[in-house]
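Labels A, B, C, D and E are assigned to the chains in the order they are written; within every chain, residues are numbered from 1.
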Amino acid sequence: MLHAVPVEDRPALEPGVVAASVYANGQRLADIDVDDAGAWATRPGHVVWIGLLEPSEALLARVQRQFGLHELAIEDARKAHQRPKLEQYGDCVFIVARTAHMVDGRISFGETHIFVGKGYIVSVRHGASTSYAPVRQRAESCPTVLSHGEDYILYALLDFIVDNYMPVLETVNAEVEEVEDKVVAGELGQSEVMRLYMLRRDLLRLRNAASALVDVCRRVQRVEVRPIEASMQPLFRDVTDHIHRVQDEIDALREVLAFAFEASMMAGQVQQTHISRRLAAWAAILAVPTAVAGIYGMNFEFMPELKWQYGYVVVLGAVTTICLTLYYRLRKSGWL
Amino acid sequence: MLHAVPVEDRPALEPGVVAASVYANGQRLADIDVDDAGAWATRPGHVVWIGLLEPSEALLARVQRQFGLHELAIEDARKAHQRPKLEQYGDCVFIVARTAHMVDGRISFGETHIFVGKGYIVSVRHGASTSYAPVRQRAESCPTVLSHGEDYILYALLDFIVDNYMPVLETVNAEVEEVEDKVVAGELGQSEVMRLYMLRRDLLRLRNAASALVDVCRRVQRVEVRPIEASMQPLFRDVTDHIHRVQDEIDALREVLAFAFEASMMAGQVQQTHISRRLAAWAAILAVPTAVAGIYGMNFEFMPELKWQYGYVVVLGAVTTICLTLYYRLRKSGWL
Amino acid sequence: MLHAVPVEDRPALEPGVVAASVYANGQRLADIDVDDAGAWATRPGHVVWIGLLEPSEALLARVQRQFGLHELAIEDARKAHQRPKLEQYGDCVFIVARTAHMVDGRISFGETHIFVGKGYIVSVRHGASTSYAPVRQRAESCPTVLSHGEDYILYALLDFIVDNYMPVLETVNAEVEEVEDKVVAGELGQSEVMRLYMLRRDLLRLRNAASALVDVCRRVQRVEVRPIEASMQPLFRDVTDHIHRVQDEIDALREVLAFAFEASMMAGQVQQTHISRRLAAWAAILAVPTAVAGIYGMNFEFMPELKWQYGYVVVLGAVTTICLTLYYRLRKSGWL
Amino acid sequence: MLHAVPVEDRPALEPGVVAASVYANGQRLADIDVDDAGAWATRPGHVVWIGLLEPSEALLARVQRQFGLHELAIEDARKAHQRPKLEQYGDCVFIVARTAHMVDGRISFGETHIFVGKGYIVSVRHGASTSYAPVRQRAESCPTVLSHGEDYILYALLDFIVDNYMPVLETVNAEVEEVEDKVVAGELGQSEVMRLYMLRRDLLRLRNAASALVDVCRRVQRVEVRPIEASMQPLFRDVTDHIHRVQDEIDALREVLAFAFEASMMAGQVQQTHISRRLAAWAAILAVPTAVAGIYGMNFEFMPELKWQYGYVVVLGAVTTICLTLYYRLRKSGWL
Amino acid sequence: MLHAVPVEDRPALEPGVVAASVYANGQRLADIDVDDAGAWATRPGHVVWIGLLEPSEALLARVQRQFGLHELAIEDARKAHQRPKLEQYGDCVFIVARTAHMVDGRISFGETHIFVGKGYIVSVRHGASTSYAPVRQRAESCPTVLSHGEDYILYALLDFIVDNYMPVLETVNAEVEEVEDKVVAGELGQSEVMRLYMLRRDLLRLRNAASALVDVCRRVQRVEVRPIEASMQPLFRDVTDHIHRVQDEIDALREVLAFAFEASMMAGQVQQTHISRRLAAWAAILAVPTAVAGIYGMNFEFMPELKWQYGYVVVLGAVTTICLTLYYRLRKSGWL
């Protein structure tokens, strides 16, 4: 007979196991041992929910034995860096999702693998993903919906993953707007170029993660071997819609950054033309005293002007007049 | 029994409610209370039309109760910034549309959420959208079409939203042409770069809003659970066609701005080459007097030319001749 | 009874009506009054063909009444600037096509709206489109094909519209080749940039018009409510094929202009590098006499070289030698 | 009765006809007259194969009469510059293909039109296409396959056309590699820009021709009115596969040229930055003697340094020291 | 009777044959002669596995005779440089795959052609591909799976080919990151441009190879004439998934390199603007002593300042003050 640990004195969990409970009628019945999970899952109306965090191979193998999970799915769950996807093995659905959240102002990606089958759901977290404890609390506080079993838990997990993208998007959005202001003001320096580049890279990875998640969410609604309950369909559609919105906004931000690149190239060219013109204008103005001084600095014996009483004053005056005239004309024509 | 307020003494509406009326046979029967709306909607041949403007949660909840609206749709209607879309919940169709109009020379976006079901239509406005009073007036002045019920009202709302895009497009069009003239004239400065950038951003958002609306309009024609009356189909096709034209023109404008960017880069390069050449040409001309004056400014004791009577005049003449020759040759070759 | 005007004394047509005739057995039976058109159209084996040019609202309304044309189609026909499209209203097909022809060396766009139904065809021209008189003449000279009725007339109109695109394409082609020659020769100035820009805009509009026409032509072959006679199908396929070729060539020209832009940027950069190098090379050469002359122009009392008999000649010789050596080395390395 | 010319004394062919023979059981039975072709074609087990080269209208009309070819196909065959395509007119298949081969180091395009029907195949060559004599020889040397009739001849023609693209591709490939080497070495001059531009144009046209041919080859396998014999299907699939490979390689080359453009822009920019820096560095070094010489060239009466015995030597030494120090520091920082 | 060589004394293989064995019940029964292969293959439960390496035409012809391979497939297998593809000839599936692995730090591509039919599998290696010995060892060590026959061997080969892409991808990834660091640091020189260019070319070829392999893997799951056993399907799906991940990462790297190009253009422009400004600023500072020294170097007789006792000191002081003021103001404004 299965040993049901009463909820109140929940045992210390073994390493790699974040939670392992069985639910019935929308309420947690007991915290269980991983090795009893398979037996609990077969009881009608009972759902086993196991959460693993970077589990050892041995632990994964024990979970695999409990629910008869497919070897290839277990292989994927063992190594992270899988492609986000939804795979069906017999009547078990295997989902790989990329998670995103902010850590110290930079986007941090993690991976969650989910196994859903009749009477059980197993989540495996890799890397910098947030704990799913809030999902568990929310689910346990709504017995009505939780009584829909593994479908509801799957929805709650996906919804949580998708919701976590929102603050990431907002942060990136704010950064884009900051860079954008610099571009428009023509104040782009080496460090802004670097920031723009990092933003584009981050957005690329974010988009790849989000767009794969859109696919996963869409396909989860149409899994043939384990059809989602009709009454749960709107929930999954809502999650799909939210991740779709994330993807739309990422695409818009990506296009905005492409515009910013082009605008910065234009602004840079405008600026260079401006500098070239100013340089040319000043060179022209300075050429006058240089040429004149050069000429009257020559040592010819017979240069009548050098003998004139007011030669120096006249020359200085003429040079100044020409320079000022040049200055005003260049100023008027926009070169200065 | 339902309390029907005679049309002539329309009651002061509660905050958040812009209009709440019941129609039958294409005519307004009465202004009603939100809490009676559900009962009126079930009467055969009666249509309830409620218009809300940034309603409170409580008000939305009361409307939800009247028509049994789905929790997820209500959640979307509560927070703006939803993705334009068409969603079906049971026999209720939920539409999110982005609206656009000009406010102080800048495009201002708003959101309208519409719930349509058997016997009722509810619109919820968020942000800078125009009032739908003109739609109501137009509908009430055409009893024949209004007698088609909620389908016609839905059409009238979508048609109004789409028509409002036209003046926005015209304004943007005019701005594009202005920037275009500057680009072609090569008169692009920092402020034009900024304007071009802002135009591209605005067009991006406009296109995202319009293209999502194209999808919504297309799908509204093919909703399965609440099929549009056959005789109304051409009306919806016409709206789809109009928003499609808006989208086509936005796409053309976007491409035009991309051309303008490239043309401006070319024009800028042509200009820089021109300036470099002029600079080089003037430098060449000025190098002559500088070199000659330098040589005859040296203090060697034995420089025979310095003793010549006409040394100075000859040198001045030679320098002038060389400079003029250079000038004409550079002019002829297009460098000056 | 209908009043049939004998063909020989064709009456003066009312304003806005270019032609209004009835055909039977492939021959023009009579010129008719717009207000009799509906009655003629219902006679078996008879086809009414009406050509309008920017008709008044009243005239359009009369035509509408004759054939029971749909309100929305009439609305579109009233205002030009519609999207090219094919719309079905009951058993009437409504087509909007954009026409293109050359006026004073610039592409001029017009619009033609066509209504085709059982026994009638109505064309409405807007803007700078060519008269359809040649279509009428050609049709009337081929009784055999004209006896196929409105299908044949529709084909003849579309074929004429498509054929008119060909000379436009050839003109644009010639212009592209001219600009291309300048780009390749590196002779691009401000006016060529402007021309390239205008060409790209024109091609964009031409492509939008042509590609929409491809859609219209394709769909006309598959209209369900008024299927095209099987024997006429190859004719429509031929028109589709021709407009498709126009579109293919426009796309190729567009790509060619994009290449030309990139080639011009490269050529410009090559040129600037060339100018920078020459400038640097000349500056280096000129630096020698400048530095030397500066040094011997100093007024120190004890500068032994200044006293030497051949100081001046030696210095002049040394400077010349160094300058020539520099010149030949820079020349060899491609900087001059 | 038909007049069968014995194969050995083949008559002089009329102008425009390259070959006209009848085949049975995989062997050439006789060379025939164009005007007998139709009759021969109807004999069971006989196939007429006619090759035309830029035929006159009259000759085309005679061929048309023999096999009842469709007017629109004949019209296309009359004028070259058709779009590559496959068209079905009754039980006759009409194919337009673009051919490519090298003439004097440049790609030369031609056009071949093919009519295939029950018992006959007619090819019409336009422009710079290669003779199909080798196809005829190969076919005649394989009686077994030739006995499959017109299907095999069609395959042999298409295979020959596709095989002719290969050497063209190889030539272009070699040219791309050459330009690529220059780009990577940063040795791009005006003539390389021109060559790169011409290559891109040629590749564009080649791709358009090849990609249209892919379509034609694919559709020939699925012609409904004259289905290809099952045993011939792999042959046609093989041709499709080969032209597909040509298209894949063209696409790769196009992308490579786009990369080369971008790399050349980067290399050019790197080079310009390099030149600007060197120019600036030399200007800085030369500014030292210029400034010093200028100061000691002033004519003030009271400049104590000028009187010093070693003033000149000290100044020269100081200037040299500063210049050398500058030189080494700039060299170390990569500016020289 | 077939001559079965006992496994222990495996005969020296003929040139071009890497391995030729027959398997039954998941175990190697014997090494066989190529000319007996056909007979072994027809025995129920027996699978012949032949590995060829750049075989001679004669050897290929013998293999062809044994299994009745299609002439066109053999032609492809003879010449390498085929397009990756899956082709069906009767009940034989022919696969062309491109292989990739690292040789001396550069990607090296090879080609493998596979023939799979009832009871046999033949692999033909061309170019720089890795030996399939490890595949053979792995298969032979798993009798259970090997007992699935040719399907399993096909899977093992494809899995090995796909797994070999991974280290290639990692190497490229590391190189991209290196170049990226240089771009972001603005340290891009001619050699980095060249490396970036080579990376893009390599990635293009890698992507073409991988994306064609995705197609092949997908289609292998849906081959109609020789359906894959249901229990083997997940294995093939897993291979498809892995090559798909490779393709996704290549696409991401390609986009990253495009960003790097744009960032480097921006950084280059920022740098040039910076240099231009510094150059201009120094020119402005140096213009002061030059102009002043020029003026006081003129030889006018009546220049009162030249007679002043402190003229020289005052002028030197004034020049120094102006220069320092300029320096600090330019520094503050970011030009220095």
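Operating definition for what follows: a contact is a pair of C-beta atoms (placed from the backbone, for glycine too) under 8 Å apart; a residue touches a chain by one contact, two chains touch by 3 or more.
By chain, UniProt protein names: A, B, C, D, E = Magnesium transport protein CorA.
Everything quoted here is computed from the prediction, not taken from an experiment.
The minimal number of chain-to-chain contact steps leading from chain C to chain E is 2. Chains compared, chain D against chain E: the Cα-based superposition rotates one onto the other by 70 degrees, nearest 5. Residue numbering at the chain A/chain B interface overlaps only partly, since under half of the positions present are found in both copies. Centre-to-centre spacing of chain B and chain C amounts to 26 Å, using the average Cα coordinate of each chain. Separating the centre of chain A from that of chain C, both taken as means of CA atoms, is a distance of 43 Å. Looking at chain A, one finds that residues 265, 269, 271-272, 276, 279, 283, 290, 294, 297-299, 303 touch two or more other chains.
In terms of inter-chain touching, the protein chains here make up one closed cycle, each touching precisely two others.
Chain contact summary for the complex, chain B toward chain C: residues 183-184, 186, 234-235, 237-238, 241, 244-245, 248, 252, 255-256, 259-260, 262-263, 265-267, 269-273, 276-277, 279-280, 283-284, 287, 290-291, 294-295, 297-303. For chain D in complex with chain C, the touching residues are 70, 72, 82-83, 85, 87, 89, 188-190, 193-194, 196-198, 200-201, 204-205, 208, 261, 264-265, 268-269, 271-272, 275-276, 278-279, 282-283, 286, 289-290, 292-294, 296-299, 303, 305-312, 315-316.
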